[in-house]
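Each of the next two complexes has chain A plus one more chain, namely chain B in the first and chain C in the second.
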Partner chain A sequence: MSKLIFIFLFLAFIPLLCTSFTPERPSDRRVLVLLDDFAVKSSHSLFFNSLKSRGFDLHFHLADDPKIALQRYGQYLYDALILFSPTVERFGGSVDAAAILDFVDSGHDLIVAADTNASDLIREIATECGVDFDEDPAAMVVDHSGYAASATEGDHTLIASDDFIKSDVILGSKKIEAPILFQGIGHSLNPTNRLVLKALSASPSAFSANPKSKLTSPPSLTGSSISLVSVIQARNNARILVSGSLSMFSNRFFRSGVQKAGSPTKHEKSGNEQFFTELSKWVFHERGHLKALQLQHHKVGESSEPSIYRINDDLEFSVEIFEWSGTSWEPYVADDVQVQFYMMSPYVLKTLSTNGKGRYFTSFKVPDVYGVFQFKVEYEKLGYTSLSLSKQIPVRPFRHNEYERFIPAAYPYYGAAFSMMAGFFVFTAVHLYNK
Partner chain B sequence: MARSSSKDAQDLFRALWSAYAATPTNLKIIDLYVMFAVFTALIQVVYIALVGSFPFNSFLSGVLSCVGTAVLAVCLRIQVNKENKEFKDLAPERAFADFVLCNLVLHLVIMNFLG
Partner chain C sequence: MARYLGGLLALLFAASICGAVTIPGPVSDAHRSAASELFGDSFSSLEDAYEALRVFEILGVGNKPDVSATTCKQVVENLGSSSPVKDLFYALKVNGILKCKVNADVFKDIAVRLKATVNDASTLVDMYYSIGSLVLIKDQASDVDVLLADADGTFHSIKALSQSDGRWRYSSDNPESSTFAAGLALEALAGVISLASSEIDLSRVNTVKNDILKLFDSIEKYDDGTFYFDEKFVGGREHQGSLYTTSSVVRGLTTFASAISGKINLPGDKILGLAKFFLGIGIPVTLCTSDFFLWCRISIPLVLSLPETVYSLSKKDQLKVRVNTVLGSAAPPLTVKLVRAFRPDAKDSAVFENKELQYDKSNGIHVLEVFPGNVDVGTYVFVFEIVLHDSAGEKVFATGGQIHVPIYVTGIIEVSNAEIAGLDSDLGSVETQKKLDLAGNVVVELSANHLQKLHFSFQLTTPHGHAFKPHQAFFKLKHETNHEHIFVIGNTGKKFEIVLDFLGLVEKFYYLSGRYDIELTVGDAVMENSFLRPLGHVDLELPEAPEKASRLPPLPVDPYSRYGPKAEIAHIFRAPEKRPPQNLSLTFLSLTLLPFIGFLVGLLRLGVNFKNFPSSAAPATYAILFHLGIAAVLFLYVLFWLKLDLFTTLKTVGLLGAFLMFVGHRILSHLASTSSKLKSA
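Moving on to the complex of A and B:
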């Protein structure tokens, strides 16, 4: 009997259990991987396996496979695209540079790896993302002081870099101890594009040139303006990773030890695996994805949301912000979320306090100006998706019966007016009876 | 020199005062009434200089009621003055009725503007 009741209760609570999961999952699921040849699938298996183990559904295709398509019947078949095909001149099927940029424009993520002899197609895609590869096709990044010490390499093109972007949300909270091995071409960031960031920069002694020929003219890219790995978060929150090296994703680089020239410490394992695992978590929206809920406001002492405020009302504002952790929505905790009370320009700008459980709140007085205002939360923080919330609310002036009736400061004026009236009566009486 | 000028001023004021003493009583009453209104207006101007202009509409109505009262009283004084030949055809009763009507209108406006 008790078993029966238990089963009945379980069935009764199934709808509740289902709704307790949020249906919204911002992480990518289906990933299309385009390769130059299938050997990359095994030579880079550590990177792909780390993605698979995190639940990604990888679809491998040759880049010139005529059957590949990004969308069918207007629906995208994939959430993200990995281009590990640096030399491809033309994609197969209906895919071209414009199709890939449309894919990004519709909010999907992209990882592009170039390499020496990168094709014009890959360069064009990178340029559209704000990344300009060195135009010399034979150029590589050379660093005569920051190279990775190894027995075989003599031209100092295998460099060990540890100049990371300083952002826990992009690279994870765990510090990357070992330097990153890199062998490939450098790029510079388009200065007019403010969305693109250097995730890994070259050292100040690096330059980009053909290592096999003698350097006759000054190299076009030098020093720490060379970016080795760049990340972009577009305004639609699509994320892009551009790397100048395909081999830095490879098993050989993931596993090899690294010792930076001139440094006594030899690391058993390069930082590449941790770097790209963390970076791919960020690119595929397993981290740094915010959502806002429950934007609420009401007068102090009330709980329901009014349809209009009066000037000089005291109000309370609150909003809930959560961060996607890859598996669930966790409360987002920060001390720099601000709300604006906005009409053409912010009349009130207040930093919100948080209770640590995702709720942000503040209270302020409506300014002494009436019109149609907006509550605005514009939150753009490095590495996080941007939040842009607004809610319109009109503000009215005092009604005629809401003004103060008797103001103490005005009593002398009242007195004067009434004494003039009394004086009029007295004068009238005296004037009439004086005759 | 100074002594003689102060003596002249004294003589002047004495002459003025004796001339004014000949004024009919009803005109003296009007003058007193005008003095009262002007004095009340001055008090309010001093008050607003000290306290600030916050209920400015109240200040305006207070002062304008005094000024209006003074102006209407002066008009009445002109019309009921026997020596003023300009209004010799106008009965003093008629002048007083005008004065009362104008005062009623003035105080109606003042009451509306006061609060």
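Moving on to the complex of A and C:
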């Protein structure tokens, strides 16, 4: 009986195992969405539908549902987490801030949307990611110059922002024409965190304060240091998106027209849909995920990889790099991939040439220093997963018989020695037989 | 099951996309395209199909023939087979919209089956589906007999599940009561009444009416007068949220009210509050028409809405108010009165009072042609009241009393008398003073040290000549290294001024001397010409930082400079040793050969001879072998230089050495014995 149950369980889990995240298919598949209210499922359905249509398997739960769990028997049940629950004080089940950070630490992706009156829990998660929300719970981002013209919203908290991060890999190659509508709280980036980036920043005239009360002291966040949407790529390539507004993702903002104050052009549709579709592609590893294969090196004129190089050898190095397009691995084309020949510090650092089909190659001379070297490819580019490859190779000095044998400058010495020897030969004969 | 109100929920979607927030306008193409996008072309289940088709129907999206063909096929399959009640229910609902070709006999079969189910059913959900299906059959095939024989008994068995607080249980063995179930039960009861072959006992109907009143006692309320139903207990079931629950109750209520004769006396404010709930979420009123159709029999809420709440004085906007019934139809003749308007911070002093708005028949809106002269820029709360012309209408329509609407009146603020000056700290004497035209692009260049002060002032006046206090008046100093310092500019009366005493600020400036760019930001929600303007720069000379001074805070890293290729590194190889030219070496080679030649010449001159060479055969052989051996060793050295390595050479030398020892010993002993013989002789 127990055998039967086991087989049944095994069969039941096969599809799960097949669709989950693997290094070969880095896009996320199973996404847990935690909501404050199921109404968000409908009011933000365009965003969710765009994810579903790209093949994601969304699991909706209330954030305080006691049955939610991120992992079971040490296996994570999901590849990514969307927190659309800005006001939740405590998650249900065994999930807490530490569990979510562990989830990220094990390479999974996260989308966090905060809003005014964001709970301490959401703020804590954001802080751990290097994003500090304005501490004033009533504060919102106000921009009296860059607001979205609207007949019904007069307090200038509905902002039209078009200050995007300049990165094709994060926001897609198609330029976002229309400004992005934003209404929510601002955050600043922790200056000591080098991994967090402003994907959408506020204009220089913006500030974060309670729009209803008078300002007596300077607001803590002002100008373009306010980030509206930030992205983080952790060292383990887990990607995080933090937004100060939940309504940014809503159908209403996706579909409403936008006209930035002072600008004559009225856009039929705000840029939100394009912005978040592209950004979610990035966050869920449908873009900007690299892999490197076939790190190869050999002496010029040979094809097999030697176990050791001699100093001053000429060698050829090549590596193949591919980018995940969401469905397949495409050759990655760039002109800034570099290789280092490294022992304590790089002795040679060279930019690789590419053939446009994913293969990168170069050739150089082994330095005249012997020791244990490494070929290192450490590739970091804005928005791309970082590549860090290394291959160890020893370098030896010349063998005793590999030095130059006939040095003209030494001929006088040789001549002296050999004439001496000839003299010795003559002398022995003369000495023995002379009478 | 719970998603049976999905149509309504989908409306929520459709509604939430219309731009105007206060009150959604009529259905537009935006709604239609959004709905098409939302539902797509294929439906996973009949329930989904019903939701989609219902929304298409309400929105007036044209029926797609391919959709109806495939869905109809599904409907007929479901009706023909012995599928569960729920599927039958939705199949019938879809059929109601698509009018698929279904055989009348099929309906008869189903009706018989459903009637049996009604009698056997123990749970509320089963009853709801089976009765609902029967009602649908009644509408779709009039010749089928769907009347319930024992309507009273069915009515009773549903009523038996009700609780004392007006809520219902899902089944008799489940003690949990639910507000959502109450909505289902009311709809089922309405169905029973319409299917009853004989009149239902009026006393039973009255107890249900009482239940409804009790149910309304548990209604929840928001601060702004919005009422809604929420599920108190969420055990085991998927939490449906207040929208599902409220719509279930309202739907049950309206069907029940339409089924019975007579009126249900419900409090008017709660009805209005419920209407507000749907409107607040943004369900367009026109869409709700059919769902709320019979609700009118209870009371029709009138809804006052403003298409705009931001008015510009510079553009001379008119205040427009629209009044509709909650169903979206035109309101009866009425007058909209602007009772009073006040500023939110001075609630007691009204800016103006008692204005009547003119009715513009062509657009169906009430207009206040011009704002009273004393309305300046700022935020206001306008209090409106609806006065019905026909006093009898007050019983039919709920007006909701006084309605408070926040209004923004914007205008262009005049900026004048801007001055920037450097002051000497001790005497307060003005060193440099410059007038600034903030509208132009003039920038100033100042310099100051830590003993001086910077003084900046300007004035803001409203179009009516009053002083204006903006929400945002920032004075920003930005150092070359991107360290920013922001000061809020305070005001005294009309004049805004800020005095920066650098002596007190050196600490805050981290003792950073150098060029500081000055920026002024003035902005407010009601200021149409909010601006951010660079004023120029000031060169500050601050004292050297003492050792204990606080360190500069870190600045965020520029992401664009952080990445990117590094500079290439090429290894510098050790330079080869310097060598003399080859000719020189060859010259010296020939010089080294000279002594050997000299030696040979010397020997010849000395007249060497080989007379001592042994004459007998054996020693001569040894002598030849010995010298050949020496020659071989020497030749080996030459070979060693030319090609051999040390190991081969040593091996060969060893062999040759042994040979040489042997022959050498022979010849040398021979020579020694010859010479000793010679001596002794």
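The rule is short, and it goes like this: the second predicted complex is superposed on the first by the 385 of 435 C-alpha atoms of A that agree within 3 Å, B and C clash if a C-alpha of one lies under 4 Å from a C-alpha of the other, contacts with A are read in each partner's own complex, and residues count from 1 in each chain.
We take it that a residue touches a chain if its C-beta (ideal position, glycine included) is under 8 Å from a C-beta of that chain, and two chains touch if they have at least 3 such contacts.
From a predicted model like this one, the values you see are computed outputs, not experimental measurements.
Colleague: Please indicate which partner A:175 is in contact with in the superposed arrangement: first for chain B, second for chain C, both, or neither.
Modeller: neither
Colleague: By residue count, is chain A touched more by chain B or by chain C?
Modeller: Between chain B and chain C, C touches the greater number of residues in chain A.
Colleague: Based on the superposed arrangement, let me know which partner A:266 touches: chain B (first), chain C (second), both, or neither?
Modeller: neither
Colleague: Check the residue A:409 against both partner chains and state whether it touches chain B (first), chain C (second), both, or neither.
Modeller: Both partners, chain B and chain C.
Colleague: Regarding the shared-chain residue A:430, is it in contact with chain B (first), chain C (second), both, or neither?
Modeller: A:430 contacts both chain B and chain C.
Colleague: After superposition on the shared chain, which partner residues are touched by A:235: those of chain B (first), chain C (second), both, or neither?
Modeller: A:235 sits against neither chain B nor chain C.
Colleague: A:90 contacts which: chain B (first), chain C (second), both, neither?
Modeller: After superposing on A, A:90 lies clear of both chain B and chain C.
Colleague: I'd like to know which partner A:421 touches here: chain B for first, chain C for second, both or neither.
Modeller: After superposing on A, A:421 lies in contact with both chain B and chain C.
Colleague: What residues on chain A does chain C touch that chain B touches too?
Modeller: Residues 405, 407, 409-410, 412-417, 419-421, 423-424, 427-428, 430, 432, 434-435, which sit in both footprints.
Colleague: In the complex of these two chains, what residues of chain A are touching chain B?
Modeller: 405-407, 409-410, 412-417, 419-421, 423-424, 427-428, 430-432, 434-435
Colleague: List the residues on chain B that touch chain A in their complex, please.
Modeller: 25-26, 29-30, 33, 36-37, 40-41, 43-44, 47, 51-52, 54-55, 58-59, 61-63, 65-66, 69, 73, 96, 100, 103, 107, 110-111, 114-115
Colleague: Mind listing the chain C positions that touch chain A in their complex?
Modeller: 9-10, 12-13, 16-22, 30, 34, 37-38, 238-241, 243, 281-282, 306-310, 379, 406-408, 410, 469-472, 474, 476, 484, 486-488, 519, 521, 523-527, 530-532, 553-557, 559-560, 562-571, 573-574, 579-580, 582, 585-586, 588-593, 595-596, 599-600, 603, 608-613, 623, 627, 630-631, 634, 637-638, 641, 645, 667, 671
Colleague: Considering the complex alone, what residue numbers of chain A touch chain C?
Modeller: 37-39, 42-43, 45-46, 49, 62, 142-145, 150-156, 165-166, 189, 191-192, 194, 197-198, 204-205, 207, 211, 214-219, 222-223, 225, 250-252, 254-257, 312, 336, 338, 340-341, 346-351, 365, 367-369, 380-382, 401, 405, 407-430, 432-435
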